[in-house]
Amino acid sequence: MRFTAAELGKLLNGVVEGNPDVTVSELAKIEEGTTGSLSFLANPKYAPHLYTTNASIVIVNKDLVLTDEVKSTLIRVDDAYSAFSILLEKYNSIKQNKSGIEQPSYIGQSATVGDNLYLGAFAYIGNNAKIGNNVKIYPQAYVGDNVKIGDNSVIFAGVKIYADCVVGSNVTIHSGTVIGSDGFGFAPQADGTYAKVAQIGNVIIEDNVEIGANTTIDRATMGSTIIGKGVKMDNLIQIAHNVELGANTVIAAQAGVSGSTKVGENCVIAGQVGIVGHITIAKGSQFGAQSGVHRTISEENKKWNGSPIDPYINSLKTIQVLSRLPELERKVYELDKALKASKENK
Amino acid sequence: MRFTAAELGKLLNGVVEGNPDVTVSELAKIEEGTTGSLSFLANPKYAPHLYTTNASIVIVNKDLVLTDEVKSTLIRVDDAYSAFSILLEKYNSIKQNKSGIEQPSYIGQSATVGDNLYLGAFAYIGNNAKIGNNVKIYPQAYVGDNVKIGDNSVIFAGVKIYADCVVGSNVTIHSGTVIGSDGFGFAPQADGTYAKVAQIGNVIIEDNVEIGANTTIDRATMGSTIIGKGVKMDNLIQIAHNVELGANTVIAAQAGVSGSTKVGENCVIAGQVGIVGHITIAKGSQFGAQSGVHRTISEENKKWNGSPIDPYINSLKTIQVLSRLPELERKVYELDKALKASKENK
Amino acid sequence: MRFTAAELGKLLNGVVEGNPDVTVSELAKIEEGTTGSLSFLANPKYAPHLYTTNASIVIVNKDLVLTDEVKSTLIRVDDAYSAFSILLEKYNSIKQNKSGIEQPSYIGQSATVGDNLYLGAFAYIGNNAKIGNNVKIYPQAYVGDNVKIGDNSVIFAGVKIYADCVVGSNVTIHSGTVIGSDGFGFAPQADGTYAKVAQIGNVIIEDNVEIGANTTIDRATMGSTIIGKGVKMDNLIQIAHNVELGANTVIAAQAGVSGSTKVGENCVIAGQVGIVGHITIAKGSQFGAQSGVHRTISEENKKWNGSPIDPYINSLKTIQVLSRLPELERKVYELDKALKASKENK
């Protein structure tokens, strides 16, 4: 892919300043730009790089005032960051433009697949599975019996989706993620052993969800574990059986949500947070990294931190005192001594 | 699968109350029951749903006293929860009744497999592996050279079992779990680099163990990492080299046990707990979520919490004071001032 | 493999004491040694086992003074631990001596592979990938388009390497690890949804790196996520987009490093540590297990602990006071009462 400044200017509805015929074939950060690369300047902090970069083309905001000479051809647009994001997206979709069915791959009986499927080698589609249009299933992915996958979804290499789960449209699931493994349900027996509680539910992943790598989402005991519309999940996250995540909730890496907990919409859960089971989290709740969420939260849109959680501001205050704790203890025992001494002196 | 109330009543040794000819073909929670579904009522909290549910059949305890009219056919049994669990198990085993060898799959030289094997497409069995009877190895699973797997075990899609490991009978391992990867052993060198310490041991998983998805169990440096009989492990757990887990110990998601630690029987380790290496944990120990276990525990059957751990009750008290810590500090400095003032007043 | 004591003595440049013709075919810990096994004694703590072990041969330090009779043949060497490590390494490399191309496997167009490749069944090499000499790619591993892998690297079963990533020489990556999945980048929109920020960078893994099982390393938004030369990583670790790890840094299981953070050389990061994004960690920094690293660290070679981190010694002091915190609070309120009483008494 090689573009001229003139072509990009037209595509981005921008104004070209400099040589319109210069061409670029790759993307780079402004401070790492080389001849043939396209960059952008949005954050004023990086403005000095504009005068030293070797990028052939730089996308800038239209109101940018130059304070020195610039080697690069500029393309002035309304919003440099958005314009660049559009290009990134386009670049990415061209790169991921896989199609066709590689061999050997496996499609079970009565499975149906839509138009324009990419099925990588060693990928597996189980019996009665229903795959929508424009779906990409990368090599070594596993789609169990009766699974449904909506249009335009991308299942990366080695994803495992157990039987009966439902994946919506425009969903992306990254490598190594497991959808629909058994929930962790065992009933203690009198002799100290545990009896398995069968897990016959499934997982429903709604539209526009993205899930990172090596994350695990267990199927419900009965009913469904539900990942709401537009949820974004990072890598190595644990979602237990019968959890429900509200629309547009975001979860960072290595966090975990225990069984039957309902998380509201538009929550933000930072890395390594743990949330206990059987509670309800109000919409718009935010949790700092490594928090331990041990109780239902009913107030919406509040920030929390700590293990166990405290309101965010309280938690910060506690943390500040913590590092002075040894000193505080010493002080208390000095006071104790001083008080006793003062009594004896009377 | 479609059953009449009469058939189920006979199967569960129960008494049918209502239409014995009504049929069900699926399972549902009582509050979500629809025509054609079978549900149960065990927890009195859910009793009100009995009078509104659309489930065609509900399994109830034999001594249940009705307080209103019921649409569903009831099956009265000694213990509704147990009866339903039996049905769930049956339903599940029918669903998982895979058999036969799908192609392409790979069976190495001198490997032996028992009767009634299910080998999914793209599954791999290494040289000299020994697979028992009624084993299911799902697609894309990897069973390395010399691995032994006992009767009735289920290896789900994409599990990886390195060479020389031993898996017992009636073991279930969920997708993405890795058994027998190298222990994390590196010897620091004078120049700041690290030299690999070869990891030549294996992993032994005893009978009746269940392991969740994307968990990792490292092989021993020498000897064996041992997962005792009846252990139940959740997803994304880390078990380091030479760890031994006692029989019937239960570990929740994202917990980790460091190298050479011995965990006793019947312990309960909650989510995101970390246990350091080279210690011994007495049998029956229990750890709260996110605990950090930093030392050997010799007393049996005690509950612990916190990072680092404290006896459970102490930990709860500490936690309560923590959120009052800023206030406590303020108080101490007020006292200090008051005491000084009182001295000056003398 | 069967060796006589004489052969081993020659190989290790040691002195044989006892029957030089006795043979061994396996390795064992000294306390578990059986006839036909080779063991070693390095740690004086284990010396008593020397007089009871059934190991046929034991490697010992040349200056060891015997205090009782020994059944085993001894091989005296300069350093028993090093000598045994050499043997372990040799044993391991013989065991892993896989070669050849198993079928079915997949090699894409224009991909090039070096001499002496092992390619396991159901492994996938994408278009234009470049694989060096003596590389082992185990079954069901995925090497995306344009990926480069250097000489002597080992990619275990089921590893997934996304397109465009670069793996150096002498690198080992264990099963289930994902390299190059998308970074977690989403821009919040006015309507509460999130727009994907395309992730067009890659991951570069330098020479002599070892990575454990089920770890995830995300590709950079632009540029590269970099794992420096000689880094050793354990299982289930999360490395976010644009992170850079300095040479010879060691990271234990279940730790996580957030986006754009730069970790210096020779750092030691213990298990379950979390490091926030966009910070810099000075070389030689060490973090205790479960630490939360919330800020840039500029001083080199310091030890830290706690969440959030404190200097190591401070953290230990704080932890000690923590378990006395309820008592401390009680004391403060007693003092308060006593002081008030003393005032009233005046």
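Labels for the chains are A, B and C, by order of writing; each one numbers its residues from 1.
Operating definition for what follows: a contact is a pair of C-beta atoms (placed from the backbone, for glycine too) under 8 Å apart; a residue touches a chain by one contact, two chains touch by 3 or more.
Remember, predicted model here, so these are calculated numbers, not experimental data.
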Checklist entry - Counting shared numbers against all numbers at the contact of chain A and chain C, is it over half, same, or under half, different? => result different
Checklist outcome for this item: Field rot_deg for pair chain A/chain B, CA superposition, rounded to the nearest 5 degrees, holds 120
Checklist entry - Could you state the distance in Å from the CA-based centre of chain A to that of chain C? => result 25
Item to check | Touching two or more other chains - residue numbers and ranges from chain C | outcome: 104, 122, 140, 158, 176, 214, 236, 254, 272, 290, 307, 322, 325, 328, 332, 335, 339, 342
Item to check | Residue numbers on chain A that touch chain B, as the complex places them | outcome: 104, 106, 122, 124, 140, 142, 144, 158, 160, 162-163, 176, 178, 181-182, 184, 186-187, 192-200, 214-216, 218, 222-223, 236, 238, 240, 254, 256, 258, 272, 274, 276, 290, 292, 294, 306-308, 310, 314, 317-318, 320-322, 324-325, 328, 331-332, 335, 338-339, 342
Checklist outcome for this item: The residues of chain C that touch chain B in their complex are 27-29, 32, 85, 88-89, 91-92, 95, 102, 104, 120-122, 138-140, 156-158, 172, 174-176, 208, 210, 212-214, 230, 232, 234-236, 247-248, 250, 252-254, 265-266, 271-272, 289-290, 307, 319, 322-323, 325-326, 328-329, 332-333, 335-336, 339, 342-343
